[in-house]
Amino acid sequence: MKFSLLVIGDPVATPACRLALRFARAALAEGHEIYRVFFFSDAARIASRCLQTDLELAGTSRAWEEFADSTGAELLTCVSSAYRRGILDEQEAAAQQVPATLAPSFEIAGLGQLAEAVLTSDRVMTFGR
Amino acid sequence: MQEINAEKSLLVVLRHPPGEDALTSESLDLAMACGAFIPATTLLFRDAGVLQLLAGQAPDLDTGTSIEKTVHALREYGITRCHVHSGSLARYGLRTGDLCMPCTESDDEQCRLLMKDHDQIIGL
Amino acid sequence: MTATLHLVSGSASTELLADCIAAASKGDVIILTGEAVYLPLLGVASRAIAAADTSLRIVALARDLDERGMGTRAAALIEVIDDHEMVRLAVACPRSMSWY
Amino acid sequence: MTATLHLVSGSASTELLADCIAAASKGDVIILTGEAVYLPLLGVASRAIAAADTSLRIVALARDLDERGMGTRAAALIEVIDDHEMVRLAVACPRSMSWY
Amino acid sequence: MQEINAEKSLLVVLRHPPGEDALTSESLDLAMACGAFIPATTLLFRDAGVLQLLAGQAPDLDTGTSIEKTVHALREYGITRCHVHSGSLARYGLRTGDLCMPCTESDDEQCRLLMKDHDQIIGL
Amino acid sequence: MKFSLLVIGDPVATPACRLALRFARAALAEGHEIYRVFFFSDAARIASRCLQTDLELAGTSRAWEEFADSTGAELLTCVSSAYRRGILDEQEAAAQQVPATLAPSFEIAGLGQLAEAVLTSDRVMTFGR
């Protein structure tokens, strides 16, 4: 079965990103596919390379990156959520004359990509705060 | 499997009150985007989410948007089905006349049916 | 099967659980995660769980309970499931709703 | 004056307000801010406010009400103060406590 | 005015449950630091904050700390006055024997007196 | 009267930073002093220069910077809160080999500075979530 995940809660202040990762790993172990993970609202901060992370820890951006690298799952972060919170790709950072802060393995995307995931996935799981 | 099933229906449930919390305006953005891409998108305002519909709210400081400003946009984006949970309105002493946009009042059982009648649900 | 899977997280608020139970239909499954795993401890919440339609299945995630030192305490209060069972429930229920 | 100033913010949870009222002493002042300004609208919360010891003063911030379109609606439900009066209350009360 | 009044007393009220929320471990850091600098620092655990005292919790993933690990540290940092609100314990069906550190049980009136008896309060 | 403020709530997701600024401005207008503002937990993010801000808006880091510049109030952000959320001064950023993200006018400080404010201020106001 093809899953997509919508993650909303802040990666530091809430368990949302960690719980979503636990779900993704368990789904993989059960033989399912994680097609796309869409980080929205506060969860967009997972895509900040400013965020201190530790390879040991689940739910951090590096742990998500490892999951994506080994499974091909897409890690997308909502463009307006990200920019509003200072997660900037090279282009936007240049426009604002500040350092870029988007972590590798994450892509900035519009909400249309979430809608596409809703239409093409068998299940969409939302992980709130 | 990659083929888009345009028949798929989506229910977006909005449960959080408005205010300075960024999530509210972001939720409306999400609803509009889904409305644009998914023809069968329905909104349901319930619990503290009904407060998003109160008339006379100041626009969000960060984005300049408010539900009153987005109501026409919602329609432009293809969202014509808006429901509000009657029990939630009653909890806050509100009537549909207090709301800034027309919504279908739905009682407990009708809200349960709304959930069952859609293929996917996003709770915000 | 037309059941909805409900994920409750984010706060140990009895109002949140009450809203979820009131909105759920017969046959639905409610998973308590994060801070919501404290709810079975709360007298008022455990009464709400007990009073809920018996066709509702209300469970809590084992790992979230264990992290909070409630693993043994919870076993008497609520059905406990692991992450794999959460996935199986997500497969069994055609849609899910989050409460937070 | 030994009163405590209580700032209630962050959620329109009746549990939060009930906890604050239960912990407050006679003569204390409670200011509702942020999402907590919705509380007077809630039947159960307005009853708690009405039932609170009359020596408790419970007020809401004007600007927070106005931003939420509740300025006129709230006047009948609760005493409304501006930011300057919040500062005067903070001066009058030797200590403050936040509830969120 | 800049002179430090070492006689000033501080009550730190901890109301939030533990878990993955960073605020909990940060709150304990704050309490310890205040205990180190302000001799008359008292802790009061109440509402969901009493759950921080539950024995057997796993350490915080980010910091490796838990209240069980910090109990000795709390004392080293000079905090000897720890109170827990009896009504909050009862709400969660807990007794002081369920707690991982010795605390003075205080009822509603005693908690009100604690607030009145301190010069400053920090609510976390 | 001498006030210090402890701010806890996230600058984007909660009104805490904006309400604290409104309090600070009203206190100033009433003839009082704001000695120190201590941004703790999620509020530490106000000190990120990644955070997109608008000079018109209250509660953002630039509005706070203007307040501090014109009044002499100290803007401190808790060191452990900040590092954990990727708000890094030059020294820590160099150690981690990522860009520094601490906004000007904000200083990284230990919790002892909060305790000092508690001891030397007439009032300490906490702004939660």
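Here the chain labels run A, B, C, D, E and F in written order, and each chain numbers its own residues starting at 1.
Here, contacts are C-beta pairs under 8 Å (C-beta built on N, C-alpha and C of every residue); 3 or more make two chains touch, one makes a residue touch a chain.
A quick note: this is a predicted structure, and the numbers were derived from the prediction, not measured.
Asks: Starting at subunit B, find the fewest moves between touching chains needed to arrive at subunit F.
Replies: Tracing touching chains, the least step count from subunit B to subunit F comes to 1.
Asks: Comparing the two chain pairs, does A-E have more C-beta contacts than C-E, or is it the other way round?
Replies: C-E
Asks: Report back the single chain whose CA centre is most distant from the CA centre of subunit C.
Replies: Ranked by distance of C-alpha centres from subunit C, the top chain is F.
Asks: Would you mind checking which chain's C-alpha centre is most distant from the centre of subunit D?
Replies: A
Asks: Could you please state the distance in Å, as a whole number, between where the Cα atoms of subunit D are centred and where those of subunit F are centred?
Replies: Chain centroid spacing, subunit D to subunit F, equals 25 Å.
Asks: In whole angstrom, how far does the Cα centroid of subunit A sit from the Cα centroid of subunit D?
Replies: 38
Asks: Just curious, how far off is subunit D from subunit B if you go by their C-alpha centres, in Å?
Replies: So the centre of subunit B lies 29 Å away from the centre of subunit D.
Asks: Give me the residues of subunit B that touch two or more other chains.
Replies: 19-23, 62, 120-121, 123
Asks: Show the residues in subunit C shared as contacts by 2 or more other chains, in ascending order.
Replies: As it turns out, subunit C has residues touching two or more other chains at 34, 64, 94-100.
Asks: Residues of subunit F that touch two or more other chains: which are they?
Replies: 8, 12-15, 41-42, 84, 123-124, 126, 128
Asks: State which pairs of chains touch, listing all of them.
Replies: Listed in label order, the chain pairs in contact are A-B, A-C, A-E, A-F, B-C, B-D, B-F, C-D, C-E, D-E, D-F, E-F.
Asks: Within the complex, which stretch of subunit D touches subunit E?
Replies: 2, 4, 19, 22-25, 94-100
Asks: Enumerate the contact residues on subunit C facing subunit D in the complex.
Replies: Residues 13-15 of subunit C touch subunit D in their complex.
Asks: In their complex, what parts of subunit A are in touch with subunit E?
Replies: It comes out as residues 12-15, 18, 54, 57-59.
Asks: Across the complex, what residues on subunit B touch subunit D?
Replies: Touching subunit D from subunit B are residues 17-21, 48, 51, 54-58, 91-94.
Asks: Enumerate the contact residues on subunit A facing subunit C in the complex.
Replies: Subunit A reaches subunit C through residues 1, 3, 8-9, 14-16, 19, 22-23, 25-27, 29-30, 32, 123-129.
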